[in-house]
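Going by the order they are written in, the chains are A, B, C and D; count residues from 1 in each one.
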Amino acid sequence: MQSEWQFIVLFVVIAPLLAVAPILINWLLGPKKPNPIKQQTYECGVETVGDAWVQFKVQYYIYALVFVIFDIEAVFLFPIAAAYGQLGLFAIGATAVFIVLLADGLLYAWGRGVLEWI
Amino acid sequence: MSFNIGEFISSIFDLTAGDYLASVWGTEPWVSVVLDILGILIVATIPLLSVFFVGLIERKVLARMQDRIGPNRVGGKYGLLQMFADVVKMLTKELLVPAGADKVAYFLAPILSLATSALLFAVVPFAPGVIGTNLGVGVFYVLSISSVSVVALLLAGWGSNNKYALLGAFRAVAQLVSYEVPMILSLLVPIILASSMSTMEIVEAQAIPFVIFAPISALIFFVSSLAETGRSPFDLLEAESEIVAGFHTEYSGMVFGLFMAAEYMGIMFMCFLFSTTYLGGYRFFGLEEIVVGNGFQLGRLLGLFITIFKGALVFFVFMWLRATLPRLRIDQLLNFNWKFMVPLMLMILLTVALLDRLILDYIPQVGDAGRAGIHLVSNIIIGLAGIEVLRRSARRQRQRHNTTSTVLAVAENEGAPIFVAAEVEPAYGHDDHGHDAHAPVPAH
Amino acid sequence: MIPLSWYLLVAALLFSIGLYGVMARRNAVAILMSVELMLNAVNINLIAFWRYGSVLSPATDTPTTGWAWAIFVLTVAAAEAAVGLALIISVYRRRDSVIAEELDLLKN
Amino acid sequence: MTLEQVIFILVSFLTLGTGIVVVTNRNLFHAALAMMASFLGVAGLYILLDAGFLAAAQLLVYIGAISILIIFAIMLTRRMMQAREASFNSQSGLGLFTAVATFALLAAVIGQFWWGVDAFNGRPDVPDTVLQNTVSSLGKAFVSPEAYVVPFIVASVLLLAALIGAIYVAWPTVHAEDEA
């Protein structure tokens, strides 16, 4: 383990404790008198109807999908950008091909109309 | 080497207390662990505590912009203790768990939200050599942590067992993941220009701030950081006219306070990240010799002040926009991202990558200033072209609206999901796709 | 010090857990999640062998084989999840079911 | 025990324990949560193996993107999630047997070749500069003709195909509506 990552590992352990402490204090200090009316979920003042599930549009999935593809692109592009000083024109060309191919995907999604919010 | 209180205090002013303690304690493994834990406590708690301050400032500034006074009772004339009073109130409220809630998800959400916001600060370079940990992949680390924070919203929405919370969470996630794409692309530009991913080295490379190299890309980064932190005009995460309070509808007391604190910490971090990647971090034209040089003991402190000053400047623009702009509709928001910012940013990225290579290979004699000038010109040309395209498409859209009959125009407007009702599909199952919710759904 | 075999054992266990999930779960989404676990196990192996093996090789440049293939596995995993979930959503819309056994469209 | 060993054991327990939850929990949402924790554990293993960049990539891609995709899919198909049916199929016994047999085989191979071999008892010492250069070497390798430029371009074609295919499949057409 490199020393700079040791910091991150310890931080990942400690950071949630920062959030747990206020919740614990709140639990200790606050009153504890729950009742069914108080615990009802909020629905603009009327009684709650059914459970929380509604049928979602497939649109949400599409946005996440395009995002996943660009995320992977980032995983490739960040090391290349970090090595930019040592790259030649061929490398830039290959990266450009990579980006243009993925931009094609975006164009397809656009042309197909899946990016329209309906 | 033995401990000397005078040297210790002077090392604190020099912002090198860690190095001093390391030299006193030696090189045993536990020393690095203890020093890391001390560093983590500093890096995590100072942003957390400055939320008190930043929140108050924002309330005061917003109030002044809207011709109000703002908090002015608690803690004297300026309401200095207002945020403390708020926290005391939050801490003494009942910890309510809504009926039917998924307790694991319900409590994990605020914890994850705050933890990720705190983790972001590990790589902010505050002054030369003053950084939580100088990761070689700093900017990439920031991206990965901020993409984890999206999960917290989903957990909150799911855990609350509330329709508005779930819808709000879904919308928020759609917005955040969409705007993460231009943010990724615009962060690549400083990395290319500095040829490194480490935040420290990006700052070191900015003899001329990168905002001068690529102002349009800086603007795109700024806009997407607004959207990532859910600030106005992109505050659809909590659009109270549509989805009550979004994903934190069912949260109250300190659990809600944690979401609030995480939001402010995220905003502060984005301000620092913008000033690190585009505004030159702790460097400032004339002062950088003093800041970077080691001869003067106040050098690092000066760097700290410059960093905070730049961050505060960006934060002021955040507040200014919040006081000025109305909220966007979600279709406008997503269209603007996918159909304008992402293509434009791809163009800028390709141009910067190609141009910089050509400059470095063929005309290295132009120096830093010439390089900046060439990039600036190309960037502005692309930006103007983008704006022209935008204007044309807006004109086309207006013409289309004018030619269609008024009735149709109204119907089109209603088709846009201004109301929750338009977004909730009837739960018939078969067609979870784009029917206008007002139209009767044919039974299959 | 951590021996190489510890990592390999963890990866083997994770792989077996994922394999069990793939074979035993009925829900298609759950099967997909198990497949992701198996791919992760493969990646652990790639990186472990990189760190214990090829870093030592006397190349002029830093060897990156393990990393590069781990990232390609990541790519394949993402593509697989994207298409697999799209299929599941599509099938759910038509057949109203995400149970893998009931999807016998090609049988009849 | 050194700090590294402690971290390794904790992280392994996180990875494997949540992995078991993924394959056994009836609540799909909780299974997805456990999967994220398992991915986090794997990222921890990468950090222990000096592959910090990959750990960050793991968080970015697996937790930040794929898990969200999976949760969205769970929500879209949630009517099946009420857990009224069995979550295991008839061959779960066979599955358990296969999994155990596979593990036994892998463990036998590991025991044969790598267990207790001196050369693999600890991570070889490598200069820090080499490890720090890995990311930029990786960037160079992706776009150099001697290394991975072909797989790199093929990966982008794969992603493009996945994007187009997934949109084509998931997006309801008029035609699909008629069929349904």
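Everything below uses one rule, namely that contacts are C-beta pairs under 8 Å (C-beta built on N, C-alpha and C of every residue); 3 or more make two chains touch, one makes a residue touch a chain.
In this text, all values refer to a predicted model and were calculated from it rather than measured experimentally.
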Margin query: Comparing the two chain pairs, does A-B have more C-beta contacts than A-C, or is it the other way round?
Written below: A-B
Checklist line | Chain whose mean Cα position lies farthest from chain C | finding: B
Item checked: Most central chain, Cα average position -> A
Checklist line | Inter-centroid spacing, chain C versus chain A (mean Cα positions, whole Å) | finding: 21
Notebook entry, point to check: How many Å are there between the centre of chain A and the centre of chain B, using C-alpha atoms for each centre?
Noted result: 13
Notebook entry, point to check: At what distance in angstrom does the C-alpha mean of chain D lie from that of chain A?
Noted result: 17
Item checked: Between chain D and chain B, distance of the C-alpha-averaged centres to the nearest whole Å -> 28
Checklist line | Interface hub residues of chain A, defined as touching at least two other chains | finding: 4-5, 8, 53, 56, 58, 60-61, 64-69, 71-76, 78, 81-84, 86-87, 95, 109
Checklist line | Junction residues of chain C, two or more chains touched | finding: 71, 74-75, 78, 81-82, 85-86, 89, 93, 96
Notebook entry, point to check: Which positions in chain B touch two or more other chains at once?
Noted result: 33, 135-137, 140-141, 143, 147, 170, 173, 177, 197, 429-433
Check: Which residues of chain B touch chain A in the complex?
Finding: 32-33, 36-37, 39-41, 43-45, 48, 90-100, 107, 110-116, 118-119, 122, 132-137, 139-141, 143, 147, 160-167, 170, 173-174, 177-178, 180-181, 184, 188, 191-192, 195-197, 244, 249-250, 253-255, 257-258, 330-331, 334-335, 338-339, 342-343, 346, 349-350, 353-354, 356-357, 360-361, 415-417, 423-429, 432-434, 436
Next item on the list: Would you pull the chain D residues touching chain B in the complex into a rising list?
Entry: 2-3, 29-30, 33, 36, 52-53, 56-60, 63-65, 67-68, 71-72, 75-76, 79, 132, 135, 171-172, 177, 180
Notebook entry, point to check: Which of the residues in chain A end up touching chain B in this complex?
Noted result: 3-8, 10-12, 14-16, 18-20, 22-23, 25-27, 29-34, 36, 38-44, 51-60, 63-64, 66-67, 70-71, 73-74, 77-78, 81-89, 92, 95-96, 99, 103, 106, 109-110, 115-118
Notebook entry, point to check: Given the complex with chain D, which residues does chain B contribute to the contact?
Noted result: 29, 33, 102, 104-105, 108, 135-137, 140-141, 143-145, 147-148, 150-151, 154-155, 158, 170, 173, 177, 197, 429-433, 444
Check: What residues on chain C touch chain A, complex-wise?
Finding: 71, 74-75, 78, 81-82, 85-86, 89
